[in-house]
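What follows are several structures.
Presented sequentially are two complexes of chain A, the first with chain B as partner and the second with chain C.
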Partner chain A sequence: MNKGNLLALVLAAATVVLVAVGTVWPVKAAVFYAGGGKEGLLRPSSTPEEAVENLGTQIRLLAWEKAYESLSNKAEFTEPEFLHDLTGYALSLRTYATLDSFEVQPLHQSATDAEMRMKLRWSTVVGTFQDTRDLRVVKSGDHWAVDWPLVKEQHVPPQVIPVNYLRWDVIYRGAGDDWGSQDVEAPHVRIIDMHPVNRAEGVVVMGELLNEDVVPAFVSVRATLLAKNGSPLASEGSFDMISHTLLPKQVTPFVIRFPDVDLSQVGSIRMQPLSVLVSASADPVIEVQDQKFNPAPGASLTGQLSNQSGQVVNIAHVLSTFYDKNGQLVWVGGQYIDRALQPQTPVAFHIAIPEDLAKKITNQRTVVATYSSGSSL
Partner chain B sequence: MLIGLALAAVSMAPAQSVHMSLPPSVTAGSAFSIPTAGSGKAVLYIVGQGQAIRRDVQMGEATMFPAGALYNAGEYLAILVNGASTESAGFYVSPAPQPETLGFLAKPSRLPVGIRGGISGAVYVFDTYHNLITTPLPVSLELANASGTMQSHTITTRNGVAWTTMDSAAKEGPAKFVARIAGVSSTRVIDQVPGDPCGLTITARPNNGKVTVQTAPVHDCSGNPIPDGTIVTFTETYNDQQSTVDVPIKQGIARVDMPAYPGAKISVASGVVAGNEIRWGGGK
Partner chain C sequence: MRKFESVATASRPIPLSFILLAAVGVHLPLLLMQLPLKSYDTNFHIFFASHYVHHWFNPWNAKWFAGFSQTTYPPLPQQWVAIVSWVLGLNMAYMAVQFAAILLLVVGVYRFSMLWVSPRAASFAALASVLLSSECFLVYSAGQLSTTAAAPIYLNALPYFYDWIRYGKWRSFLKAVVLFTAAAAAHHATLIFGSMLFALPVIVLALMDRKDDENSSASALVMRTVMIVLLVGAAIAVVLLPFWIGLIRYPITQTPIPHPSRANYILSPQWGVNYFIVPYGALILALPFIILRGAKVVRLRPLLLGFWVTFMIGLGGTTPVARVLLGRAFEVLTFERFSYWATLLALPILGLLVAELVDRFRMRAIVPLTLLASLSCALAVAWSTFRPADAANFKVDSVAQWLNRDGHDNYRYITLGFGNKLSRLAIMTDASSVDGESNSSRMLPELTRYGGAALTSAKYFAKPGLDSLRAMLAHSDRYGLKWVIVRDPYYEPLLYFAGWRKVDELDDKTITVWGKDGVPPATPMNASQMPPHWQGVMWGTLPFGSSLLAILVVLIPEKRRRGWQDEDPSTTPEDLNSGRMIS
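Then we have the complex of A and B:
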């Protein structure tokens, strides 16, 4: 028998052994994802940690009924209220989020109750967000149960809010028009600020774009890094780190990331702002209240968003531009808000700032890009 | 295939004398004839700009081509084939002298007021058959504003094209840009829009525990009202905190309710234009 046949025989035997082991002693999570029962994933809630971990596992498995039934204070709210607390009352990023992982930290424990911190990391189409809940866990007989701190969303009373903000509609050039007739002019936009920085993850090109026209624009920015000999190194777009719909005279920051590129390699940068005339509405108006710059350690910008319009904003993206004392751009950060913005109801935001840049920051400017279900933009 | 046959016929060596008299120039779309000399029957091919014609001809007679037979301006090749004998010659079909349509490119369709040379118009003059008329012709270009003022230039076409630039007016509104030649005209509309806001000012007054901040009617430096929907940014700074809100202009002004903090500084800006700053004195 030659070496090749021997190797094949060994691999086949190992495969058979591993399949047999996996069948006889399966991993619990594998059993569940293969369509088996999920009871094996849960342990008896004999300690506060186990009670919280079981709750987290049930939330992760979307077993809402069992999660609700396990709570000690379920009489205080209904199962739909518990579900809405986790997935949002209105369509939002939470609606289609899945619990990626969770972490449990004990804060305090006595013989009959305990305080635990639960960090829930949710996955969404725009990245992950963390939801931290401080839970009270109480002993009930021989097991522990979680006292869920339900966050009730405020609702404005039924009313009519008259909205008469401007709306722009566009009629484009048609097939029947003669070849000389001009189409509607694309909006005139201008990059008013641009600043590249070198970070550990690569080059970050930041800047601000102004719609200097009198019509709304759908905008994006593309940057091409050129080597010192003029050859292109990389080309990237701003993707979602920009407020794509710009009303007349509105300014948006933008961020373009070039991973694995060092600024020392770059000779020049070619910027290409793009704009398209689109139908848009001047509604909704979002006020960014109580913005507070928190210096290092844990540098951040915190504040609240207040939807001053009558419609629910399903997804809000906060973008902040940070400047130094000379008004030079230092950093651009952003955060998606995981809950819908109800009319007249403030929602908090928190934008982390790199520690090394935080000490340069003296001022900031914040804009909010919004998406509302049912509106054109 | 007809062109191939014609070219194949040209490549054959002449063995018998044929003769045709071509007109020095033919006007596109007009009737013309090609007289021939000799006897017997022959075939006449005319090949040119997107057209190929085949005619059986009686030598010694003129072959008539009715109006509209050749309508594309440019160089043509006439080939007369009589048995093994071939004669070929070129002739030119020129555009009709009478303009029928204008191709009028006016750029941009929208621009701010008071831009010198900001509007350009290029006119292409065509005959009935869409041939570019290359002989010099005077074209009148007029830009009439809604206020009644008018700029007018008369330009002579060169190689079929005439172009000029005009200034946008100081007053906003649509302007009619008309190109005219020999009874034919083409109109474009240029939207002249206000420029950047000028002299942006705000006032504030208390309103149920909040402060209502509003701009004076917002105009550009020529006095044109800034259109509704234009974003005005209000910024309130207080106790190391800040509130900002982007508000669209509505009915000529922008207005917002902001938190009322005594001593807060409230400023206003629109695009890259900053306005005044006020200090909220708690009811004053």
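Then we have the complex of A and C:
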């Protein structure tokens, strides 16, 4: 063989080998685009863990058909039902969520079946949520397949729900009006409680805001930390940790976070509540049911939300304020509900509470902010 | 014997004027239709150009990122667009500059190929460049004006580079230095990575071709190479001084942004189609020949190795080569440009294949080759329709008018769901945004910390993109960010829960404007990053001046073209001539 042919052979062989190496041991970026795994291409489901991991990878790649086909109990439901279980039956946070990561934890295994816990961390526009599923994995021939625990949609019988809740409309000066240029007095709001705490991630300022007025208000709160010499240290807003629309006499908790600031640096705090007159309605009413405080370990508040109105609430944000025995504010926690609130259909919520604060808590109050798609100006 | 004569008769190169005419015929109609406006980056280049139109000597642009310096991106093509826009307007000026780059590529490929193969093969290589799918992909789908402008200038510089290091011709030295400098002023990635991949094979070729009686000892060649590298380096350092100062003061430390060109094209076949099948097209069929012929002919081996390394890097995450060779730069670079360079390096050998096939089979070769090349080109041109940068084409005039009236531009804004229309809107409005499309120009921590690209496309970057968007919205007061203009209802829940309210609806309610109350008016920011006036003068003078100088210097006539003709018997055209092989 002459040198030219040898060189050609070496380059061709090197290309094949390098492509094989890059495929069998892909670089991090390639793994990311392959769905965080190898998409079952090179990895048969020869163990229960691999079966669940392959399913997770297919879900991450939105390869619904492949994911459905890999299930051992697919005869029990259709592919659209499987898809709706993961992405929601109505428009909700799940609908456009992307699977950020997943974790597989074995619970029990025998020669023919196994139980695995799969923690799916979904990324949504308002943050991440975790969906934990306990899966049964069964051996079928030389491979394992997942028995998917489908959560079926609950149907409400046809009915008429009368709507007679209060509603406030605002007549503006004209079509050319701009937001913030109202020529009416802003609704009267007041901070009725404020409590800064030092946490590992920085200072957290919590409190409650009351709408003292007889008209609805769109509210937010801004806090500025001042050093002992009076100079500003940092300024942050409540962002989404507040219920922005407050009906007359309603109270909302708020949380303002200051990462990388220590409370010992802070001399005082300047609070700036802001309110604007807006149109509002008491509808939809969300009832909080079966609230239960679960002490440490794993301290949390659990309960259910029930939509009392006739319209679907696409996204709900639960905010809970926790008090000690003296009625002093201890903590404010929140959770976005990943499933839509169908009329008359309870949906569970779960708010985690820091372990070190849980023992002080004796009471709590919960408010719910809601978003329904297609709302007008 | 008769066969050899017929081959000799047919071995005339295709006239360059005919090839240029073919380029005009293929690309001029496409550019007149303004097809690149649908691509990913075209609006970004036009936005930069629009700034140069109004502020030639002031690279500080307040319209993106709450203020950023355009010295973060070499300016030459955009400055040419700005100049030409005085006559044609921005859109057509872009098309004109892109068209000039396409014509330059034809000449560049021809001249570069002449170093390696016969004039006839070189002419086929140049003709192939007209229909080159990687070029079409970058022009019509990616919109990479800078890459497609810089590469042809490098290709045109390389024959002068060869002439200088081999023969020590000062005229060539001057032309090479000026052209290399102009190419660097057009694109930084091509300068830093591409120039090595193109220049190294030429240096090796000059060493291989040298003859002792030509005053070209190996040491003389090395000295000349070092000399020109030093001088070009110094010239580039001066011409792009504001760029280097910015890079040193603000090195790129932001969290890498995912790009699918780094995928493994086998594990992710959809990206394999996008970044391998489309850019290479029918050239894939020629890859075995390129390897075989490149290895067999000694003079072609440096070119083959240069091609192979570039090809492997261009495969992104399909092999570990790019990650190993580029290190952290692997997480920053995108790899479609490497595939483009690989195809350019392959063209001389491809020209050889085409010449042989045409000489041997005549019309039976010409017809299928033309069909294959045309189909490859058509696929790459059509790719921006199959896989558009934006799902919907829409106008942003109403949004620009809204921002420009009633003092709305006293505040900053961001768009959500606007894709590459973000740049188009920025051209039309006086308002300033905290978002933008130039990833290397971003300094705001909310943008650099998370690994998402433009906020307007945050959802496509999943958690990192959405984290970045939430961080920016949380700090809206800091930046005077009052307006969020939404064309994708996906984002509405975040705005609703974060304290924004719908304040207006535009374009039949397909676009909504959200406002936040209590946000203070925008104030000038990032003053420490603002380049001083002298840098603005340099930026407005030297890069563009380098291109003018290049045009003038290239017009100095050459005494005689040197290249493959003067080589030893092992490199004469007979060796590369299909007639000899046939006979």
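Note that the second predicted complex is superposed on the first by the 324 of 377 C-alpha atoms of A that agree within 3 Å, B and C clash if a C-alpha of one lies under 4 Å from a C-alpha of the other, contacts with A are read in each partner's own complex, and residues count from 1 in each chain.
In the analysis below, a contact is a pair of C-beta atoms (placed from the backbone, for glycine too) under 8 Å apart; a residue touches a chain by one contact, two chains touch by 3 or more.
Note that the coordinates shown come from a computational prediction; the quantities given were computed from them, not determined experimentally.
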Chain B versus chain C as contact partner of A:371, first or second or both or neither: second
Residue contacts with chain A in the superposition, chain B compared against chain C: C
Touching partner for A:251 - first (chain B), second (chain C), both, neither: first
Which of chain B and chain C A:134 touches, first, second, both or neither: neither
Partner chain(s) touched by A:213 [first = chain B, second = chain C, both, neither]: first
Partner chain(s) touched by A:282 [first = chain B, second = chain C, both, neither]: first
Partner chain in contact with A:192 - chain B first, chain C second, else both or neither: first
Footprint overlap on chain A, where chain B in one structure and chain C in the other make contact: 178-180
Touching residues (chain side chain A, partner chain B) in the complex: 164-166, 168, 178-185, 192, 210-216, 247-251, 282, 285-293, 303, 308, 364-367
Contacting residues of chain B [partner chain A, same complex]: 102-110, 124, 186, 188, 193-194, 196-197, 227-233, 235, 240-248, 250, 256, 258-259, 270-272
Chain C-facing residues of chain A, complex: 2, 4-8, 11-12, 15, 18-19, 21-23, 25-27, 29-30, 32-34, 38-39, 41, 93, 96, 98, 100, 123-128, 176, 178-180, 218, 220, 222, 235-240, 242, 244, 274, 276, 278, 314-315, 317, 336, 369, 371, 373, 375-377
Chain A partner contacts - residues on chain C that touch it in the complex: 258-260, 262-264, 266-268, 271, 288, 291-292, 294-298, 301, 304, 308, 312, 315-321, 323, 330-331, 406, 408, 459, 462-463, 466, 470, 473-474, 476-478, 489-494, 496-499, 501-505, 515, 517-518
